[in-house]
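In what follows, structures are represented as structure tokens.
Below, subunit A partners subunit B and then partners subunit C, in two separate complexes.
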Partner chain A sequence: MGKAKEKKIARTIRRNWKDWVFYAVIVCIPVVQFCIMYLGVNFNSLIMSFQTYDVNTGVFSWNGFHNYIDFFEMLGTDRLWLTMLGNSTIAFLVAQFITKTLAIFFSYYMFKKYFGYKVLRIILFIPSIISTLVTVVVFARFVDGALPALFGMERGGLSNPDTTFFYILFYNVWIAFGPSLLVYSSAMNDVPPAVTEAAKLDGCGSFREFWNIIFPNIWSTYVVFTVATLATYFGNNLNLYSFYGPNADTKLYTFGYWLFRETELNKATMDNYPFLSAVGVCFTMILVPIVMLIRKCMLKFGPRPD
Partner chain B sequence: MKLLQVNKAHISYRLKTVLTPFNIILFIGLVLFALSLLIPFIWGLLTSFKYRLDYADNALGFPNPFYWQNYADAYNNFKVTVPFGASSATYTLLGMAVNSVIFSLGGALIQAFCCAFVAYAVAKFSDYKLSKLLYLVVIVAMILPIVGAQTSEIRILNGLGLYNTMFGVLFMKASFLGTYFLVFHAFFRGLPKDYFEAAQLDGAGNFSILFRLVLPMARNIIFIVTLLYFIGNWNDYNVTLLYAPSVPVLSYGLYEFNLSNNPDITSTPHKLAGAMIVFIPVFVLFCAFSKKLIEGNLTMGGVKE
Partner chain C sequence: MLLKKKVQKSVACLLSVSCFAACLTGCNLFIEEGEQVDATKMQLYVGNFNQGFGKEWLENAAERFTEWAKDKHYSDDTTGVQIFVDDMQIGSAVVNSLDNNRAEVVFNESVDYYTWIRNGNLVDITDIVKGDMGTVGESGESIYGKMYPSAQEFYEYTDGKIYGIPFHESTYGIIYDIDVFEDNALFMDTNGNFTLRSQTDPNASAGPDGDASTAIDNGLPATFSEFYALCNTMLARGLQPLTWTGKNNNYTSRFIQSMAAYLDGYEENRVKYDLEGNSEHIIASFDGNTPVLRESTPITDQNGYLMTGTTGMYYALEFFYNLITRTVEGDHYYNESNLMSQAYDHMNAQDDFVRNGVSGKADTAMLIDGVWFLNEAKGTFDSISVSDPSKSASVRKFGLMPLPHPDGWGNTKFTYLETNQTICGVTKKATEEKMDLIKDFIQFLHTDSELQAFTETTSTLRAFDYLSDYDVENGNLTPFAKQLVSLKQYIGDDVVYPISTNNYYASNTTELFASDTMVFSSTINGRTWNEPIRAFDSGVSARDYILGMQEYHDESWWNGNILS
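== the complex of A and B ==
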């Protein structure tokens, strides 16, 4: 081997070695964090679901499938699960079909840069930068204070048990537009202007342009948002904690609220945590195939830009 | 004259294409929606200046007179008592604001730079197997819904001695997962290779290239991402509620304030004054950077975020 070649190899190895050190230094902390707080946490969740916890001694011990058996027994006997199933499903349907539909239509308006779009975009973005605790106070006091005074109602919509859930759903639609507006209207900006211009010259109206050109072009973004909404099916707590803390009426419970509430209330003792882990594992096992299937179907059978 | 006619024709064509029933319905819907957002906030701001008897008599009108004492009452009662070792500690609004700034700013910087560093490593050394794995991890974590991991997070933090510490919650933020990884990755991949080659010819090492060339070029994205993380952290009260009960942040203070039965602050004007105190700093930030935030156009290749 010639000296020049040897030198080149040595230089390459030295450079590779330096690259590896650099690589390791800049990724080490996030990778360690990932190993502990993602892999470790989820693995521990699985382990914990087969354990029981003694609050007095602070010791976890193996418990077989008892937590899972308890979960399935509760599913059959506790009516709260039915309430949570109903509320979580309604919450998902509202987010999927009302919030998303409105967001797409509003984004189309922004994309077309019609009259007042800049001001409207800022106003619609505001709730997403404000704490839900602030929007909840303003919304709740407005619904139960200003609206009854304005319309001469005896009591507000949130304090009337018959309408509370409706107003909670309304609140969740009311604050949900900011980020999705930006993403959808940015995705619409990727549609080649030549396509929309050609359609316009062919006499295509606004709705047809939206339905036949814009919507198929943003379909992949729509799928991403749908998957994200579905992924939060068991985690969506409808901001009930911001409204009521741990004291919401059981009629309003969603799976997400129940899980969060149980975790929060038992955080000092970790009592019930193995059972909650088993519930989390079951929910994940149910959700993963559904999410994957829906994503695949939507991408396969959805409209295509061409 | 001809020009005027052409202009007239153009305007009438524009009106015809813009003033369609679909667009008019959209416009009305948007205006109604925007009003439904603005009116409660304006009402809330005005009501926060009402004396509680004034509010009882007149829930809708202007404050008469403007009663600033609500803000003083809210400020004085904006405190939480948290467990601290074997005893307890009381935090005032200022104490919580300090925690909020450390958590929000520290967390935002950690989140943004962890994302940026890993994205840069993956983009620059894309032929490394680890890079491919890290990219895959981000995608899988985004579409894989994991439910109820908080219990395990608390146990792990307890095991590491990080539970209930500021360091612990900041460590939780040192993650590279999420959509902003893709934003950074798309940006770094799009940088011309000539820049790097020129810098290397000038004798710059990997660290020099990163800190003196790449990060300055990415400063706009880093700023927007940090700002978005900052706002998210500022509004996050779950961190105190679940992971650090002895390190109360301002949003947790508001959570306690809202649920408090203390007779000095149960009235609607008081509750709204408390909310406005937390709302104003973020609103000022938003007003200062709204254009950057909204028109920042964080792009992920074809998909914009």
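== the complex of A and C ==
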């Protein structure tokens, strides 16, 4: 960097020092958090995946690829992985195709300012601003307490092993509306009014307007949400911990719940952490190329506003 | 526009400051609201797991100690003490974050003792535990002398120092409403009929131990069949035999675990936890539904996994299986809508049980819960006794039921499994200058009168020898506490403490004891279950469950998880 340029930057900083201080105050916390919680944690996980921990001495030592070998051996022998694969996939599909579809339709409903849209917006958004533990208790009391009492059912939806997973999914659909509603509504509001008005003058109905004008315009937002959903494929615990703590039925396990539970249950010592780190690294290696590919395909082949 | 920008900046700054302040609050830098530190006194911060046992006992004890020590000079510039009782999270949750807590003395449960020591959470208190208690009025006594032998061994760490002592003693079991039993003549006579209104009736059956001179179990079912007959009789008389939480399945798992300890007996449990000695109870196979046992098997560090599949565990599973599957004309022994209901937690179950005779619903005769239920349900007792003082906890009669044994077994003396891995210890927050105060405080809390005061306040026990000479009739005890003390006096030293100095056990208490889902992991047809109640509800038999437990906890599991 030339001296002249350095001087220019220094002058700019001196002149606008208040703005720079403000900028630094605002940015420092997220940057520190990113460094510690993302870079530090993930780097540590990567290192740990090649180590083993001695409970008696509290010392980590290098262990080669043993944790990875253990992981692949476990994949081949433990049927729990199949259960988790099935549940995590169902959870992803539901989030991707049911939650998102409903969220987009409700957002469109609000965008069009149809009857009761303000009330609907509040009702659908409330679960997102209330603590998960509270909504879980309310939902559980409703499904296992109120519903059987109202309809004379012998067992509640969650207590009946045949319907538990359905209700857990239902809860997750209900709870996931809020943030998507806000973002999709906001994206829809960015569509130039002239376009929708012109379409209306041309006799375009609501469905056609949505399909040919609105949806292509919010496609990039939809891609972001899809990528985010896919990226949490191995981390989605379906809020099982909020429902059951570490005691969820193995039939309900997802990868995310298993990982969280194993870490939580064994947190007294760190002897299980290296293995779990190896599992996490493997999950990342599987997921990253898939996410990148899908993102690229969606952006390339998806609808365009023009 | 400029104004808008300024407002935005102000709001952003405010949010940043709030965020920063929230972080500081989390670091415990602020004194708790309403606290007034008296600089003329020495402060002591005590952390307590304020759940089933509450904190009333500790606040009362702290008050008595404060009075006792009002003229003491623990430092040159202080006279007397000031004690702050803080609520703490459960031990397993704070194991890695105790530094964020200001507590210098802790009373907690679910504490993996050896891990706490390795993590440096606790300091050496050998001097406090083994020192003479003359200062607090019990000359010639020590806390160590009041500890049970297994606890003396366990709490003395491998370096010969003591870092903690037990806190309370508790178990899960069947609590029976003695008032309901009396009102409905549910005690069994010597002919096997449920006709008596009192356990002390001379015609009462001798109970599981077969000894009529021990009234504690007289009139109660001795065998599984008698227990089921009792439940059938209850249903016929319009009662709900049992209830338990549907939400927290660990309650039923813990109950099975404690029952298994009783059925296997004290000696067999010592083999299990010490990984030393011969086991006579290991199941080799099944002949129908009858377990075929291995010959006497020496248990060592290498084959401890064999202790997963014992007869005691099998019959405890079978007993519970029958409790949830048996019906009389379509009626279960429990309210089916509560089974595994997320809307029915342990407090709801306690409420149903405690409100017998008040709620207008059919009375519930028995509750599966921990012995702390009475203290935990204090709020309910207080509310119902406002209109009817005869329904208060100090009047109502409950008891921890000595459990039945399988049909065909000989007489069996009841015991139970201490289930909560408790601790009283001193953290590294305690400075050297406070150690005299801490010594007096801990020793004060372990004088016989304070141990008895704990029982009088909480209606539960502490894990020390202070009951052998305790006259229950003279004590200020609730009827439930009287029964519990009498039961403890009856059991004597045979209470099973799941503690051991065996390094493999002590280093893996989570897998081998503390985590009920790990203990009860069972692989059946490729599927892993971790709660018996779920499996039984789905049609899995007790026999398949225990075989699955053996399959899950096999040699490779042992080598990979315990010995590695």
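Quick note on the criterion: the second predicted complex is superposed on the first by the 269 of 306 C-alpha atoms of A that agree within 3 Å, B and C clash if a C-alpha of one lies under 4 Å from a C-alpha of the other, contacts with A are read in each partner's own complex, and residues count from 1 in each chain.
Note that a residue touches a chain if its C-beta (ideal position, glycine included) is under 8 Å from a C-beta of that chain, and two chains touch if they have at least 3 such contacts.
Just so you know, these numbers come straight off a predicted model, no measurement behind them.
Look at subunit A after the overlay: subunit B and subunit C clash there.
When the two structures are aligned on the shared chain, A:Leu80 is found in touch with subunit C, with no touch to subunit B.
Applying the stated contact rule after C-alpha superposition, one finds that A:Arg141 touches each of subunit B and subunit C. By the document's definition of touching, of the two partners only subunit B reaches A:Trp174; subunit C does not. In the superposition on chain A, A:Leu287 contacts subunit B only, with no contact to subunit C. Once the two complexes are overlaid on the shared chain, A:Thr250 sits against subunit C while remaining clear of subunit B.
In the superposition on chain A, contact is made by A:Val55 with subunit C only, not with subunit B. Of the two partner chains, both subunit B and subunit C are touched by A:Ile29.
Judged by the touch definition given at the top, the superposed model places A:Phe151 against neither subunit B nor subunit C. Looking at the shared chain after the overlay, A:Ser159 reaches subunit C, while subunit B stays out of its contact range. The clash between subunit B and subunit C in the overlaid arrangement falls on one stretch of those listed (6-14, 24-32, 60-68 or 78-86), that is 78-86. On subunit A, the patch touched by subunit B and the patch touched by subunit C overlap at residues 22, 26, 29, 141-142, 145-146, 247, 267-268. On the subunit B side of its complex with subunit A, the touching residues are 17-18, 20, 22-23, 26-27, 29-31, 33-34, 36-41, 43-44, 47, 55, 59-60, 114-115, 117-118, 120-121, 125, 128, 130, 134, 137, 141, 143-156, 158, 160, 171-172, 174-177, 205-207, 210, 231, 234-235, 237, 241-242, 245, 251, 254-255, 258-259, 268, 271-272, 274-276, 278-279, 282-283, 285-286, 290, 293-294, 297, 299, 302-305.
Against subunit A, in their complex, subunit C makes its touches with residues 9, 12-13, 16, 19-20, 92, 95-96, 112, 115, 118, 246-250, 336-337, 339-344, 503, 507, 510, 515-518, 526-531, 534, 537-538. Of all the residues in subunit A, the ones that touch subunit C in their complex are 22, 25-26, 29, 55-56, 58, 78-80, 83, 140-146, 148, 153-156, 158-159, 161, 243, 246-247, 249-251, 265-269.
Only residues 18-19, 22-23, 26-27, 29-31, 33-34, 36-38, 40-42, 44-45, 48, 102, 105-106, 108-109, 112, 114-116, 119-127, 129-134, 136-139, 141-142, 145-146, 149-150, 174, 182-183, 186-187, 189-190, 200, 205-207, 210, 220-221, 224, 227, 230-235, 241-242, 244-245, 247, 259-260, 263-264, 267-268, 270, 273, 276-277, 279-281, 283-284, 287-288, 291-292, 295 of subunit A touch subunit B when the two sit together in their complex.
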